[in-house]
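Both complexes below contain chain A, partnered by chain B and then by chain C.
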Partner chain A sequence: MAEASAQNDENHKKAAHGLRLVSRSTHLKEAGLRNLFLLCAFVAVLGVALIFLFVGWRGWSIFSTYGVGAFLGGAEWDPIDGIYGILPLIYGSLVVMGGALALGTPLAVGTAIFLSEIASPRVRSIVRPAVELLAGIPSVIFGFFGLLILRPFIASTSGGLGFGAATAWIILAIMIVPTIATLTEDALGSIQPGIREASYAMGATTWQTVYKVLVPAAKIGIIDAIILGMGRAIGETMAVLMVVGNAPVFPDSVTDPIATLTTQIVIDMPYATGDHRTALFGMAIILFIVSMGLVAAVRLISRLQSAMEANR
Partner chain B sequence: MSKRIANQIALALLWTSALTTVAVLFAVILYVVVNGIGQLSLGFIFTWPRGVNAEGGVWPTIVSTLYVTALAMVIVTPIAILAAVYLAEYAVQGRLVSIIRCAADTLASVPSIVMGLFGLALFVEAAHIGFSMLSAALALTFLMLPIVMRTTEEAIRAVPKYIRWGSYGLGATKWQTVRRTVLPAAMPRILTGLILATGRAVGETAVVIYTMGQAINMPVSPLDSGRPMTVHLYLLAMEGINLPAAYGTALLLMIMILGFNLSARYLLRRTRKV
Partner chain C sequence: MLVLPSRSRRNGLRELSGRRALGLSAVTLTVLVSLAFAAVGCSSSGASSAEIIVTGSTTILPIAEIAAEDFTDQHPGTRVLVSGVGSSAGIESVTRGSSDIGTSSRDLKPAEEELGLIDTPIAIDSIAVIVHPSNPVDALTSEQVRQIFSGEITNWSEVGGEDREIGLVNRDEASGTREAFHKIVMGDSKFDRSAAVLPGTGQVRSVVANAEIAVGYISLGFATSDVKVLAIDGVVPTPETVRSGEYPIQRTLHFFTDGEPTGLALEYIDFILSEEVQEGVVRDAGFLPIPREGD
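And then the complex of A and B:
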C-alpha cells in the first residue's frame, strides 16, 4: 500500500516535470489563461455580492429607521400616510405560493411519473418537449392568458371581478409544472433499474411500484424539486401581477383582490420616493433572502442525504 | 383484483396529469395564435405605434427587445463559457469551486423583480448609465449567466475523455486541448444552451421594466432607452383599451420564443444523429 502511494507520488512529480518541458512563455500563458477563466467563474460570486450590496444599500434603512417589527409585522400598507407594514403582502405571497404548490405539485409529479414510468417512447417524445416548451413561455403571456381567459371564468363562478388568489393559483400552478416535473423526472431516472425490476418481479403492479418503491427512493429529489418550485412561485412577478388585483389587504375570500411582495414592488415603483422607495427595496431584500434560504435548504438536504448514504 | 383496479385508477390519473400539462400548453399557444393572427401584418410589424392607445405597429418595441437581448448575449456568452471551461476542465474540487457553484445556484434563483431593482440601483442610478439598453442588458447578464454556465458545463462534461487524451498525447497544452478539441466537440450543445437562454431573455419582463425605461423609442446607441415587447404587452393588457394590438404583440413574442426553442431542439437532434 505504502509502496503504491510512493509510486503515485513519483508519477505526480513526473507529471509536474512534464509541464516544465514547455517553454516558459507557454507556461506563463497557460497559467494566465487559467486565472482568467477563474476570474470569469468568479463573476457569479461578484453578482451575488453586488445584488446583496446594492439592494441592501437602498433598502437597509427601512429596517433601522422604521423598525424590523413594524415593517415585517405591520398589518397595514399605506404609503401615502407613511405606514409601511408588509404583513398583508407577505400573507399574499404565502397564500398565492401555497395554493399554486397544492395544485401544481400533483400535476407536475404526476407528469414526471408518467414520463419516466408509463409513457411509451412515442408518447414521451410529445409530452417531454411540451413540458420544456411550457418552461419557455414568458410569464407576461401566462398573465395575459390568465387575465383574459381565466379571470372572466372565475368571475362568472364567484360573482366578483375574478381578480384574486384563486386565479393566480391556477396560472402559477401551470408555471411551476416544468420546474418540478423536470427535476422529479431526473430524480426518478437516477434510481437504479434493478430496484424497479425487483418490484415488478414480486408481482407488483405499476402503481404499487411507483408509490411503494420509486417515490420513496426518489423522495429527496422530489422534495428538492418542490422547494425550487416554491422559489419560482414566490418570485414570480408579471403573471401574478396581472391576475391578483393588487390590493394590499387581507382578503375575505380567495376571489378577492390581494397583493404579493413582488407585485407591490412593480405597482409602486414608478411613483415611490423617500421611505416608500426604501420600503420597496426592503421587500426586495426579503425576497432575496428567501430565495437564498431555499437554495441553502436544497444544498443542506443533499448534504444530509450523502452523509446518510455514507453511514449506510 | 383490487390491486388491479387501484392500478387502473392510478394510471388513469397519471395520464390525466400529463395530458392536462400538454393541453394547457396547446391552449395557451392556440389562444394567442387564434386571436393574434388577424392582427399580424407587415404594417403591424414595421410601423410605429400611434396615439394614446398605441394604434399602428410595434416596430420600435421589437427593435428594443432584439437590441437588449443581443447586447446581453454578447456580454454573457464569453464570460459564461470561460467560467464553464474553468469549472469543467480546470477546477479542483474544493472550497473555491463550491463557493462558485453556490453563488451560481443563488443567482439562478433570484426573483426577476429583485434583479430588476438591483439593475435600477446599480446600473441606472449608481453608475449613472440611466434607463438604457446597456443597463437592462447588464441586469439580464446576471440572470442569464448561471443558465448559460450550467448548459455549457454539461456540454463540456459530455465530451468523451479519450478525445482529451489524444490531444495531450500529441503534446498539446491544456488550453490548446480545450480550444482545439474540447470546445469544438461541445459546440453544438453549447449553442443549444445559448439559443435557449436567448429565448429566456426575449421573454423577460420584470428585469427590464425598471432598467430600460418604458417610453417608446427607437434605440440606436446602447445608452438609449426604449420599451421592450414584453412591457408593451403588459401595458396594453392592463389598460385593456387596445386589445387587438396586445394580441398581435403576444403572438409576435410567442413566435420568437417558439422559434428559438424549436431551433435549439432541431440543432440538438441533428447533432445526436451524427
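And then the complex of A and C:
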C-alpha cells in the first residue's frame, strides 16, 4: 500500500517535470482519459449548440413570414385562424416566473440560513434530506398536488375555477426551494469561518451576523442560486401546465386562467402543422433568448457589484 | 412482403394516435397504397386474401384497433391493419381503393354521397354538457350553450342560476371531442379564449366535479355521478334519447366500404357489430352501441 502510493508520488513528480518516464500503457491510459473527459465536455456543448441550431432552423421563418412585430407584439393567439401573437404567452411566462421567485426566494434563503446557521446537527440531519428530496420529486407529482389539492382550495377562496397564476406561483415556489436553498447553503458554508467568528466576537447576535455579515458575503453565490431557480421556474412545463388553465389571454386576475410559452407549446405540439408548428419553434427561440438574457443580465449585475466592492 | 405489414403496424401505423397527424398522413397513405398493391398481388396469386386495411378517424381508432386484435386472435392467419389518419383521409382512401374500410366520425359530405360508399354505423358518440352537482341549473338550450362557450353569457343568473360568474372549461384544440362539440353546437361562433383549456376528458370531469361555477363537456360515456349532466333543449342524454336521436349533441361513427363488404371485411364488420364488441369494446371506449336491428 505504502509502496504503491510512493510509486504514485514518483509518477506524479515525473509527470510534473514533463518527463514521460511512465510505462507506455499508463501513458496511453492517461491520454485516453484526458480525451474522454474532453469528449464529455464537448458533447454537452455540442448538445446545446445542436438544439439551438435545430430550434432556430425550424422556427426562424416565422419571424420573416409572419413578422417580428406581429409575432412578438400580437395580443391574440388563435392558431386555427392563423393568428400567432405570443405577447399573452410571454406575459404569462414572466408573471408566473416573477411571482414564483418572489414567493420562493425568501423561503429558500430562509431555509438555507436556518440549515447553515441556526439548526442543530440533529435537526439539520432531518431537514436537509427533506429539502433534497423535494428536488427529486418529479414535476408531474407537483402538478397533481397542485391540481387536486391546491387548486380546489384556491377555487373555494377566490370563487373561480382555481386555475391561474396564483396556483402556479405556489407550486413553483415550492419547486424552486431546493435549487435555491442548496446553492445558498453552499455559498454560506464556503464563507471563511474567521469572518463568522469575528462577527460573533464583536458581540453581534445571530441575526446581526446573518443580516450584516454572512448574506452580504455570500451575495454572489445567492444570486447564482436565484438564477438557477429562475431558469427552473421559466422552463418548468408539466406542473405549470396542470394548474394554469392554459388560456392564452391577459387574465383579469391572478386566479383566472393564463398560459405560458412552455405550456402552449405542449398543448399545441400534438396537432400543429405548417406555420403553426413553425410558430411553436419560434416560441422556443424566444424561450431560449429569454433565459439566456436573464442569466446574462443577472451575471452582469453581480459582476458590477463585485467590481464596486473591490473599489471600495 | 409478409414481414413489412406487421412491422409497419407496430412501428408506424399504431403510433398515429395523435388526433391530427396530418404531416404523417401522407407517409401513411403511401405505405397504405403500397400495402394495398401488395394485398392485391397476393390475392391474385391466391396466397393470402386474409388481410384487410382499416383507416380513418382517430376517434374510432381505439374501437377498431382493440376489436382488430380480438378478431385476429379468433381468426388465426388473418391480419387487420388499423390506422388513424382522420375521417376525411379515411373516406378518400376507401374511395380510391387503398383501404378496405374507411372509418369516419362524421357523416358524408354531399359530394362524397355520390361516391357509392356503403355506410355501416358502428357506434354512437354523444357529448354531455356537465356542471357541478350543486348547480341549480338543470337544463339549457343549445343556443344558450353556444352563448356560454362563446363568452356571450358570462353569469349563471342569465340562464336561471345563481348570480355567479361562469367558469368555462374547454378541451385542447387537438381534441376530437372539442372538434365535434364545435361543429354541432358552436356553428360559426368561436370558443371564448379565456376559458381554462384542459388536455383530457378526465381532467375536465374532475375540475367540474370540484368547482361550483364550472361548466364543461365530455363524452357521455365518461360522465359519472360526480357531475351533473344537463338536459339540452329539454332532453336529458340517456342511452334511449341518444339512440332515438332526440338528444342533439351526438354523432354517429361510421365504417365505409366501397360497395357491399365481402370476405374478411364483412367478417370484421360483423364482428364489430356483434354483441361481444358492441357491449365490450365500444362501451369501454366511452361510446354507445349502435341500435340493433329489431330493437
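Going forward, the second predicted complex is superposed on the first by the 254 of 312 C-alpha atoms of A that agree within 3 Å, B and C clash if a C-alpha of one lies under 4 Å from a C-alpha of the other, contacts with A are read in each partner's own complex, and residues count from 1 in each chain.
Assume a residue touches a chain if its C-beta (ideal position, glycine included) is under 8 Å from a C-beta of that chain, and two chains touch if they have at least 3 such contacts.
Values in this document were obtained by computation on a predicted structure and should not be read as measured data.
Once the two complexes are overlaid on the shared chain, A:G160 sits against chain C while remaining clear of chain B. Look at A:L147: by the touch rule set out above, it reaches both chain B and chain C. Using the contact criterion defined above for the overlaid structures, shared-chain residue A:F281 touches chain B, although it does not reach chain C.
Contacts of A:Y271 after superposition on the shared chain: chain C is touched, whereas chain B is not.
In the superposition on chain A, contact of A:F42 is made with chain B only, not with chain C. In the superposition on chain A, A:I301 makes contact with neither chain B nor chain C. In the superposed model, A:L72 lies in contact with neither chain B nor chain C.
By the touch criterion defined above, A:I220 lies against neither chain B nor chain C after alignment on the C-alpha atoms of chain A. Residue by residue along chain A, chain B and chain C are tallied for touches, and B comes out ahead. In the superposition on chain A, A:L87 contacts neither chain B nor chain C.
Overlap of the chain B and chain C contact sets on chain A: residues 147-148. On the side of chain B, the complex with chain A involves touching residues 3-4, 6-7, 10-11, 13-18, 20-22, 24-26, 28, 31-32, 78-80, 82-83, 85-87, 90-91, 96, 99-100, 102-107, 109-115, 117-118, 121-122, 126, 142, 145-146, 149, 173-175, 196, 199-200, 202-206, 209-210, 230, 233-234, 237-238, 243, 246, 250, 253-254, 257-258, 260-261, 265. Residue ranges on chain A touching chain B, taken from their complex, read 22, 26, 29-30, 33-34, 36-38, 40-45, 47-48, 50-51, 54-55, 57-58, 106-108, 110-111, 113-115, 118-119, 126-127, 129-134, 136-145, 147-149, 174, 177, 181, 205-208, 210-211, 228, 231, 234-238, 242, 262, 265-266, 269, 280-281, 284, 287-288, 291-292, 294-295, 298-299. By the touch criterion given at the top, residues 18-20, 22-23, 164-165, 167, 169, 172-174, 190, 193-199, 203, 206-207, 210-211, 213-214 of chain C touch chain A in their complex. Contact residues on chain A toward chain C in their complex (touch as defined above): 76-80, 147-148, 151-152, 155, 159-163, 241, 245-249, 251, 256-257, 259, 267-268, 270-271, 273.
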